[in-house]
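Same chain, two partners: chain A is paired with chain B first, then with chain C.
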Partner chain A sequence: MSDLNTAMIEKYRSSFLKEVEANVEEGEWVKMCMQCGVCSGSCPLGKHWDHPPQEIFMMIRAGKREDVLSSDSMWMCTSCYNCISRCPRGLPITHIMHGLAVYSKRLGLTPQKQPTAEFSQIFWDNLMKKGRVNELKLGLSMYFKDGFGQGIKNAMANQKLGQNMMKAKRMNAMEFFGGHSVKDLSGFQKIIKKAQEIEEGNIKDFK
Partner chain B sequence: MADDKKFAGYVCTGCGLGERLDAGQLETAATRDGKLQSCKQHEMLCSAEGVQMIKDDIANDDVTHVMIAACSRRAKVEAFNFTDVALTRANLREGVIWVRPDTDENKETTQEMADDYIRMACAELKSMTKPSASGEQSVNKNILVVGGGITGMTAAIEAAAAGYPVHLVEKSGALGGAVGSYYKVIPTRSPYDAPAENPIPALSEAIEADGNITVHLNSTLTKTDGAPGRFSVDIATESGATETVSIGAIIQASGWKPYDANQLPEFAYGKSQDVVTNHELEALAVAANGGPIKRPSDGKEVQSVCFIQNAGQCSDKDGHLTYFAGVTDLVSIKQAMYFKELNGECDTTILFDNLRTPGAGGEDFYRAGQNAMVTFSKGIASEVVPGDSLTVKFEDKILNEQTEMACDLVVLATGMEPNSGPDPYARLMVDEAEDEEEKAKAQAILENAPPSILNLQYRQGTDLPHLKNGFTDSHFICFPYETRRTGIYSAGPVRRPMDIQQARDDATGAALKAIQAAENAGLGRAAHPRSGDLSFPTFRKEGCTQCKRCTVECPFGAINEDEEGYPMYNESRCRRCGTCMGACPVRVISFENYSVETVNQQIKNVDIPEEWDEKPRILVLACENDAYPALDQAAQAGVEINPWARVIPIRCLGSVSLSWVTDALNNGFDGIVMMGCRRDDDYQCHFVRGSAIAAERMNKVGDTLDTLNLEPERVILHEVAITDVERAPQLINDMAETVEKIGLSPFKF
Partner chain C sequence: MAKIELSFYPGCSSQKGATSSNYLVSAQTMCEELDIQLNEIPDWNCCGASIGYGGGGELPRLTLSARNIALSEEHNSGQEIVATCAACWLSTREAKERLHEDEQMFKDANAALSEAGLKYKGESNVRHMVEVLVEDIGFDGIKAKVKKPLEGLKIAGYVGCQTNRPFGIAGESFENPQYLDKIVESVGADSIPTYEKKVQCCGGALAFSEPEKSQEMIKGIIEAAYDNGADMIVTPCPLCQANVEIYQDNINETYGTKFNMPVVYYSTLMSVAFGRSATDAALNGQVIPAKKLEEIANK
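Showing the complex of A and B:
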């Protein structure tokens, strides 16, 4: 856990809001929420969220740092953009949700076994290896993320689908061994590294 | 004089009147039954040619009384505008052919309707004289503005700019009022993104430079006598010197006072110096002199502040204001931005339940506040705990939890109370209270009456009447600045809570109305809603019993009493509603063109068929302000009205004389429908009280029906709005059904 998280937050002080403004993508919009609740009402998955967007925004303004960043809620966003298209204040809510998710991940506050977070990590690791997504390995990584036994069960359940995809030349078993890479893999990795450096440099310390 | 009268009738045959009605028969009705000396037909009376024909007759044949049988009196008013004669209109178009189906079986009843309207108009005309001003007036252009705050200053500047000399009277030693002590004000110009400069210094300079404005500081009105156009006002200074000025019209801009926050012990007001009202915060911001705002208790720079919205307002709790000041959310946003401007990183929270930011720039200003990092939390504060750091306990309505926050300073967004004078009807309210609770409430108002502001020498009291919550009355639906004291206009927060921009707009409007009132008074013309009317009430002194009903019931306090108790009319205070006429038990009050007699004659000249004809007659007394236009619109929309109805427009339900009801019933009318405007607290009556007074009087009509041995359903009084296009005709048709059910009146002779 990052020591960023140990910052003392006082209730209804704007320090956490300022932290969100500085470190979360589109975070500067949070203060503009006028608490109408249209986003929460528009979210097709809203009832599965612990805290709908309106509440998340209010929690940020109320200084509930721990509760927000360790919340499962922003990971539930499926990017359907209903909230964005309906928000009377024009807040990019979807983006803010993703921004919060990324920030919570960075601080190590994401709930354990959060499925979206797990998938995202697998996807990222997969992508970083060759600069492109190896779908065979991505699938397998997903199947086996909860152990070997569960992985075999998952694989058997999807056996038919896999065979059909191979028949239709949508998937190549040979990809298991190494697999394709982008043309300039080291160049790609340099780009990513640079981007991470820039991002790191932009993060403000709110200790 | 009677010999000099010459009556002429004109029947229009345009707009389908000629096809639907027998014009020859109408002419006969006018000359034989109506006894007019002449009656002419024209195929389009409102055309230049038709109008010229009438003008020629007036000029060449000395016609003094004109009856026009054409469209509604509300149509073609510009064409049929003959100021040198007494004029009446028989409504054959909207009143007859447009509300009756064009079929053979209806032809007879339609013609009967038209004939009756002609006879009624002729009879009315016979008892009318041409209205004219008394000629005692002259124009007095002086405008008096009472109150030197932002409203009064604006009104003074606007009236002076229009060329009217202004006397501006201010109780304190300086102009500026409440706004004068503000650090900054809510922005009134795009982009509405920051508090704006206080406008008072610029206004003060403008007033100082204006030769048309005389400022009276440290002054009050000790006496206001007279009427519009001839007010005599004593302006007394603190030192005792009194100056009497002659005034045409008055604007009362006595403003508002902050709610007494001592009634909010739950928020520790009075217990901690660091709990202040929004009004008091302005002084802290000014005292900061461009530096950080410091809290009162120990002078510490404020690093966190909490605004509690709706403190003691919008609440049913005892001692709280039931209404919202409208502006206090914008004020809190403005003040929160003071802290952002002066106190750097200060944490600023606004606890609101309903955030209301009215006005063109309201929403933009709200955004500006959010942009400046003011935190808006939907929460309801329950308690402030004093201490070195104040603790605000509240319910967070979004997070749905009881919580609290600590801060250096708490600002209570308290409401506005009007600086009204004493309610002239407070005593009456005590006397007329229906139960003990109401009586106690009225008694409290009477006992806690504030000092008089205008000191009017009126029969009905020293000041403007109140509406709700002690605000000075204004006809808020139709004529916002009008009060029940003609020629005296209320403007600004004395008539309803408002912000600076609204107050300035209000002041401008009131200044224009005051100018209009002064000019009208100079010509002997009425103010709204009978703008320009030259008729005014007179009474026959030898018949008067000094019963005082007219002086008590006049909604405008227009009538004083002389030493012997006879009424003394002040025509420029009069709005010509006729409520005095309706009040008079001995029927001695009348206007030249509107009297008990003019209506009575119309009632008597309706042809009442014999009982076996089975043609009932229903008298409709329709208020000319709302009900009659509603019927006109119904006619335009082709809504059918029962052929038994005979509609007489009246100035106000308040002018209805009970004798019209009894006479109509005695004459064989089968039902009477009275239509006036909505009354009481949410009144739409153009004369404010007329409709309500009529309703009270008609309570007693049951006795009359009893003595005549008639069913009570035969007389009914309705509240009708101008939009009741479907309903108004329906009410008449309902009466026709009632009559069918209970049978015809036995009084057919």
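Showing the complex of A and C:
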């Protein structure tokens, strides 16, 4: 269990809702949920959530900390924004789900090998390198995330798709060597590093 | 001088050799014909898309967009920021709203930007290209530019998610937006207003991480287009376009379907209807060729 997780359990012993309000993006909205279930019924991947959003909100209020934060559910969000546009009380549900997912990841509670959690980190690391996404490397990182052997298998399985994209000039093998970049890369990286430090500071300030 | 000047945010997927480079080519052609000048934001960076949240958290993610807005405000002062990509538009506009509502976040983002001597003011409007078309050019304005009406084509308008929710286009309904159908009609083709999958999610970034779950949804989007007698699907979103077009082989293999449905951008349709060549319309960027559009373009 991570130190941060232990510290948070200690600090918010009495209320998981308060913990979510303090540490999760848009978490202060959770208490406004009126349990109508429109979000759960509107979610395109709803049937794949162990606990759909309405249930997550109820579980937060019921103090089911472990069940919520170690759940695979929030990672099923496709960012379609159906739940936001339909919620009668205007809860920013998409952002709360993203926020819960990020918080669970920070505490080290996200299920191992959760594919969207992995992809999300791969995507972020990819864009941080050059300030712009390198699609070729993004695809390769995803194929090879479970090792070389599996990577070759994945690449072979998607060979035709890759060839189609290259033929249409919508994929470029040369992107492997460098690729597109922002010009002021050091300035870009300094900015984001600073933003990360500020955010880390806000979360770690739990004493 | 151009009638409209915009501070343009093209986004990563539009770059040369990337998945929606064909979108950029056709959007540039379309803008030439509509007398819209696109002034690219100098040295723009990735917006983080939707999926960046898991790695980036809140402030670093919002700061990505704050940098782009700051650069636009410095170099393209007074111009509205316009994106062609749904995720670019959403992220940029969301960042602007969040930094406006949250004073601390505004200060924190500016503290980060000052590391590279940038300053975020947040005074620029952030819009999607289709808003410019619908609100500034207007359907009649589009119609007036048509030289080769796309007669006889039946086109399913697939709006998708993020060029619709959460911000909406021109105050339209989230559940049954009409603007894409009206664009289709404006270029002389037949729209399918009852295309029931018009706002169905394609899986977005989860097409990579959860391919089976996403392809099940994509199958529904294509199937409904066939059921409605569509010749092709049109969309305003780069990820929708790619997801719905390029996985048709995989879907055919899994489900025994025989899908071969072209998926194009509104800018592809407009470039052809405005009389420009197949190359200017980037029809060579189709993985599934849009033969009927090629015929019209080559006429």
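Operating definition for what follows: the second predicted complex is superposed on the first by the 194 of 207 C-alpha atoms of A that agree within 3 Å, B and C clash if a C-alpha of one lies under 4 Å from a C-alpha of the other, contacts with A are read in each partner's own complex, and residues count from 1 in each chain.
In this text, a residue touches a chain if its C-beta (ideal position, glycine included) is under 8 Å from a C-beta of that chain, and two chains touch if they have at least 3 such contacts.
Just so it is clear, the model here is predicted, and its values are computed rather than measured.
Participant: Touch check for A:55: first (chain B), second (chain C), both, or neither?
Facilitator: first
Participant: Does chain B (first) or chain C (second) touch A:121, or do both, or does neither?
Facilitator: Second partner only, chain C.
Participant: Determine, under the contact definition given at the top, whether A:70 touches first (chain B), second (chain C), both, or neither.
Facilitator: neither
Participant: Which one hits more chain A residues, chain B or chain C?
Facilitator: Ranking chain B and chain C by residues of chain A touched puts C first.
Participant: Quick check for you: in the superposed arrangement, does A:180 touch first (chain B), second (chain C), both or neither?
Facilitator: A:180: touches chain C, not chain B.
Participant: Is A:31 in contact with chain B, with chain C, with both, or with neither (first, second, both, neither)?
Facilitator: first
Participant: For A:194, select first, second, both or neither according to whether it touches chain B, chain C, the two together, or no partner.
Facilitator: second
Participant: Show me the chain A residues, by the header's touch rule, that chain B contacts in one structure and chain C contacts in the other.
Facilitator: In the superposed arrangement, which is not itself an observed complex, chain A uses no residue for both chain B and chain C.
Participant: Under the stated contact criterion, what part of chain C meets chain A in this complex?
Facilitator: 12-13, 15-22, 43-46, 48-60, 63-64, 67, 108-109, 111-113, 115-118, 161-162, 165-166, 168, 174, 200-201, 203-206, 208-210, 213-214, 217, 242, 246-247, 249-250, 284-287
Participant: Would you mind writing out the residues of chain B in touch with chain A in their complex?
Facilitator: 304, 306, 347, 349, 355, 366-367, 370-371, 373, 375-378, 396, 398-399, 403-406
Participant: List the residues on chain A that touch chain C in their complex, please.
Facilitator: Residues in contact with chain C: 25, 44-45, 48, 75-76, 78-82, 84-86, 94, 98-99, 101-102, 105-106, 115-125, 127, 131-133, 135, 139, 142, 160-161, 164-165, 167-172, 174-175, 180, 182-184, 187-188, 190-196, 198-199, 202.
Participant: State the interface residues of chain A toward chain B in the complex, per the touch definition above.
Facilitator: Contacts found on chain A: 10-14, 17-18, 31-32, 34-35, 54-55, 58-59, 61-62, 64, 89.
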